[in-house]
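Shared chain: chain A. Partners: chain B in the first complex, chain C in the second.
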Partner chain A sequence: MAKSKYKTDFRVIRDQEKCIKCQACVRMCSNDVHYYDPETDSIILQEEKCVGCHFCEDLCPTGAITVKREIPEIKFNQHWDSKDVYNIIKQAETGGVLLTGMGSDKKFKEYFDHIVLNASQVTNPSIDPLREPMELRTFIGRKPDNINDELPPQLVLETPIMFTAMSYGSISLNAQKSLAKAAFEFGTMWNTGEGGLHQELLPYAKNVIVQVASGRFGVDIDYLENAAAVEIKIGQGAKPGIGGHLPGEKVDQEISKTRRIPIGTDALSPAPHHDIYSIEDLKQLIFAIKEATRYKKPVGVKIAAVHNVAPIASGIVRAGADFVVIDGIRGGTGAAPTVIRDNVGIPIELAVAVVDQRLREEGIRNQASLIASGGFRSSADVIKAIALGADAVYIGTAALISLGCHLCQKCYTGKCNWGIATQDPYLTKRLNPEIGAKRSYNLLRAWSLEIKEMLGGMGINAIESLRGNREQLRGVGLTEIELKLLGIKHAGEAW
Partner chain B sequence: MKKIVAKEEYCMGCRLCEVYCATKNSKSKDIIKTFKSEAGKLLSAIFVEEKEHITFAIQCRHCEDAPCVYSCLTGAMYKTDKGVVLHNKEKCVGCWMCIMVCPFGVIKPDLNIKKIASKCDLCLDKEVPACVENCPNEALVIINK
Partner chain C sequence: MKEIINAEGLHYKELNEKIHNTLLKDSVDEIVLENVVGQRYIAAGLNKKVRFIINGTAGNDLGIFMDGAEIFVNGNAQDGVGNTMNSGKIVVNGSAGDVIGYGMRGGCIYIKKDAGYRVGIHMKSYKENFPVIVIGGSAGDFLGEYMAGGVIIVLGLYSDKLPVGDFVGTGMHGGSIYIKRKNIDERLLGKEVKTKDLSKEDMDLISKYVGDFCKYFSLEQKEILNENFIKLYPYSSRPYGRLYAY
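Let's look at the complex of A and B:
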């Protein structure tokens, strides 16, 4: 057969008893799943176009719509998944690289789910965070070797959670504004990603980490001087070793101004920095930026967690970075080849543990802060990462979910119904930054409260005392080598 | 007096304000019943204007110098002390002069009973008008002047 019919992944069920034909779904679906036929006065469905973003379901005033997952069936097979088969069919028809968005959804061992936390019983008192002060304040930056030495520039965070790099281009200005405002109000950091700093976001610049990536988009002296810190991006967890590509159709006037590229041109970020082929080259860029900002701002480096992550991180710290960001395999993206996203990199839990361990062994742990990122789903993941050795974490996907994202993974199509990963003026206005800021602020608040509760349970009253405190962690169902790499004991073993 | 303000930059054009306004103005106050059995959409006093991606909801502006009040020959359209323009169905004879003179086109006729079908009363019986309460993107807000 020459052509196969495209299979649907979702079944859209419309309860005719409840449907009042208000057509909100027809007007709102950017994928044209719902269609009103005036001849028959009915709403017709084109389910094969549904991406499962659940926007219509949330909007429907009578709850008449249900979007259900319906994976196209093949004969039962332990080796060949329906997804594999239909991916091949798609590729046989198009001859292209399969694209996807967000973090890897592949079944890897979730180490966070195999780690449990400690609590105080009898021999040491637990603390009630509602009655006693609990300290989450976190300082990011190089700490002096001797306590009497001058303190290098630090970022002060009121919670060890920051918003990760998501560029204006990959997400809408309203989405960035939401996060910027929330970070500003909460006292944490947001990150521009490689897309420049838009004029309208300058009021939130006190809390921004600006990125200098391989495309150098939007980088000039004002960009560096406006920021609280600068981050050199070498790689990201979703696509280690791969560059970026913002398609020309998304580059409108505002993006063109912010990125400093002509309207309608593709914004291509090369895979490597063409001036960085070694740690020594990286050192040059770090110090070029430090020199430009008069040594007043922390300068960090972001890398994807790969096999050699510990020695690379050690090199980065020795090159003068004030913080190192490690992005694990679950790290998200606006667009990446599926095969890269799902198969390249290592889990963040292991990466953080080995990097922290290595830096301690070499006696340079104080020289840089360690930021973990990539797939943090709850405050428990955050606190475990901190106990494994991270100073703070970056959240991206979780932040977007607070803005409405339902993880449909179609960011690369630019048709995000939630107004997040799109530049279409019909869609971007759906994200009201006032609401977005409130919601992402609430997320930070909720997670911070939960972290305080968990800390209190352990009898710890400052997040500083948990940092790298792996005695508070125990593994469940982990092998010896996994426990060794994570540097934790198995559940049941006492101190 | 409270005023409903439309934030055009966040109105996504879903028209749910119309749905909830109609429900509020219906006899049953039940959304499904309003649209399945009563005259449904006719009851909405709010209208979404759209041109390309620019959309916003408009309803009676409660003009200071309201032409509909001047032109009403039976006094059905009147203005309260607080400046809210209201409509008394009992007195309405269906001449539709108010519709002719309304500069915003926000009064709707009921063709069957030859009266005025709907006109925004600012939901005076509620604290927050139905359209503001249910706008999913907070593109309609209420300000007190």
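Let's look at the complex of A and C:
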């Protein structure tokens, strides 16, 4: 019978000339790829265990290790990929659902890569951000219908980029601390996910959005009171329509305290909130949270981008949400069934464009801020999402990459060598939250500077003026229906 | 000190604002709400040791996120009583609607008569927090779904019919449900639960909470405890254990 365990996606190459047999790789690899044999005084490789996280490569003091991709080959076939074949073998052995981590890596059209930005030439001057002030400050919350009306509570962001919901449990406390500190220092927000707010992160509570999801883990009045804003999680882009599941073995003492469940029990988040079966029920929970927190903070709702996203978002705004988060098909996760992650939902570019358009047509765009998320790779993706109608974006994977993540997609194993998606103290201590905070802060700074450059080039000096300003965008190689849905012209068409 | 608030003609927002302002006075330890006609969110997120007497019909999400207060309703309550409640007590001298005690982590809810669908979904206990729901009459379908901790007791006092609906305890992985009947058709149960005879500990637990129930509604405890109870318990704390291919 075919055996999946002998197949690997990677080749680990050790340069014997450079290797000094310090065995750092042997000690550090949580997947036991490197093994020291004292009899022959040599380091033996078990490549089949390699997940491709590149930690050893980074760690090796003499640069002796190289990790290379080596996809197991089958006879060339347009229809069957070797991945399909080996997945079937794995399922034949286990009878289980395939699990994966991070956002979808499947070949979908990358709409961001088919959209280009404008710049000023002659007819209006471009602005140099080095000599003129550029405004990235963003306000998240409901804006009044009339300028004389009282302004409802707002979140103030110094850049339109926030760290998305990643729970303590899916990522380590050191990872959360890094992001919390960076958000606090930069003046943006981080998000607890559905895992409660750990005591040690209370100093960064001024900048936290807390999540209320279907399991209601860690949710009590103090949790709501501590937060800057509350987000009701209905769904996420990586797994629209299905619940969450933190296995009991990951619920250790600290996680138990934060989620407020006994040690070792499964933390199951049901697929729907069983007190929300309609927009009216959603309204009830939104206002319950507003009542409980005395109308002092914005309350938002996060959904996955699905076929009906525009009417659903309209319902959410009418239900009283102060912000709506739309998470696209590229949205990340700590664990999701592969088949769901790769096949359910729609791309964020289309979703954000149709939601913004719908809310404008209905005259309710001012009633809620729109936050886009799901696989933003660079400041260009961010600025394009804003021009398509988003007020701000959430980044998750990009933030984790700044902490060391190399996208091996094995977050669900709890063996993350980078100390991010694990609770093993031997692994988590590798991630120094001071350094992590510095690096994720740097990422925010770098992207913000780039956004200022791009804005200046367009002759715009405030991000507010770019919001939904689709004339600044042009499509390249897009069909008529795609251009229509995105609300943009094709490259070559003038204003 | 006792304060009386007349809820007549007030929107829930106005009523709750009044309650909030009244509670700013530290001396207030009891609030009587008169003429309540379905105003929502009474005592939402309240973390003070205060006593409420509600005369009328309490609206949706009574005591949501509540942490420590006591509520006595002379009348019925609508949906979402004690939603995500942390601690405290809610006593309803009548019937209550759907989704009672959703995600409740602690405290007690006593309902004299019937409760609607989806009662006690995802109740969980944590350390000193132990949620309890006692229903005097019957409960609708989906009782105790995804239940992770705590206790639900259904007494079925006012009819001979089985006091629970379909899909009892589906996805249950902690806690226990007690139903005052001799037997139950297994087809009504979620596939994660089994029935069991009561131990002495079970009986002590039931007497304790049924004792309180009888005290609140002036009922005879002996008569109620004389008859048989069935215990429902989850036979696995990992109902979704062997699902995945690693």
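The working rule: the second predicted complex is superposed on the first by the 491 of 495 C-alpha atoms of A that agree within 3 Å, B and C clash if a C-alpha of one lies under 4 Å from a C-alpha of the other, contacts with A are read in each partner's own complex, and residues count from 1 in each chain.
FYI, contacts are C-beta pairs under 8 Å (C-beta built on N, C-alpha and C of every residue); 3 or more make two chains touch, one makes a residue touch a chain.
Just so it is clear, the structure is predicted and the values come from calculations on it, not from any experiment.
J.: On the A-aligned overlay, A:Leu98 touches which partner chain: chain B = first, chain C = second, or both, or neither?
T.: second
J.: Once the structures are superposed on A, label A:Glu361 by its partner contacts, choosing first (chain B), second (chain C), both or neither.
T.: It touches nothing on chain B or chain C.
J.: Just chain B (first), just chain C (second), both, or neither: which does A:Gln284 touch?
T.: Once the two structures are laid over each other on A, A:Gln284 reaches chain C alone.
J.: Touch check for A:Asp145: first (chain B), second (chain C), both, or neither?
T.: A:Asp145 contacts neither chain B nor chain C.
J.: May I ask you to name which of chain B and chain C touches more residues of chain A?
T.: With both complexes superposed on chain A, more residues of chain A are touched by C.
J.: Contacts for A:Lys21 in the overlay, against chain B (first) and chain C (second): which applies, first, second, both or neither?
T.: first
J.: By the touch definition at the top of the document, which applies to A:Glu132: first (chain B), second (chain C), both, or neither?
T.: Touch status of A:Glu132: no partner.
J.: After the superposition on A, what does A:Val219 contact: first (chain B), second (chain C), both or neither?
T.: second
J.: Where does A:Asp84 make contact in the superposed view: on chain B (first), on chain C (second), on both, or on neither?
T.: Neither chain B nor chain C is touched by A:Asp84.
J.: Is there a shared patch on chain A that both chain B and chain C touch, and which residues make it up?
T.: none
J.: Okay, in this complex, where on chain A does chain C touch?
T.: Residues in contact with chain C: 90-91, 93-99, 214-216, 219-222, 224-225, 245, 247-248, 256, 260-262, 264-266, 268, 270, 274-275, 284, 287-289, 291-294, 412-413.
J.: Within their complex, state which residues of chain B touch chain A.
T.: My answer: residues 7, 9-16, 18-20, 31-32, 34-36, 40, 53, 134, 136-139.
J.: Going by the contact rule set out above, which residues of chain C touch chain A in the complex?
T.: Residues 12-13, 16, 20, 40-41, 44-47, 60-61, 64-67, 79-80, 83-84, 86, 99, 102-103, 105, 118, 121-122, 124-127, 129, 142, 145-146, 148-149, 171, 173-174, 237-246.
J.: Spell out the residues on chain A that touch chain B in their complex, using ranges where they run on.
T.: Contact set of chain A toward chain B: 17-18, 20-24, 27-28, 58-59, 61-62, 419, 424-426, 429-432, 434-435.
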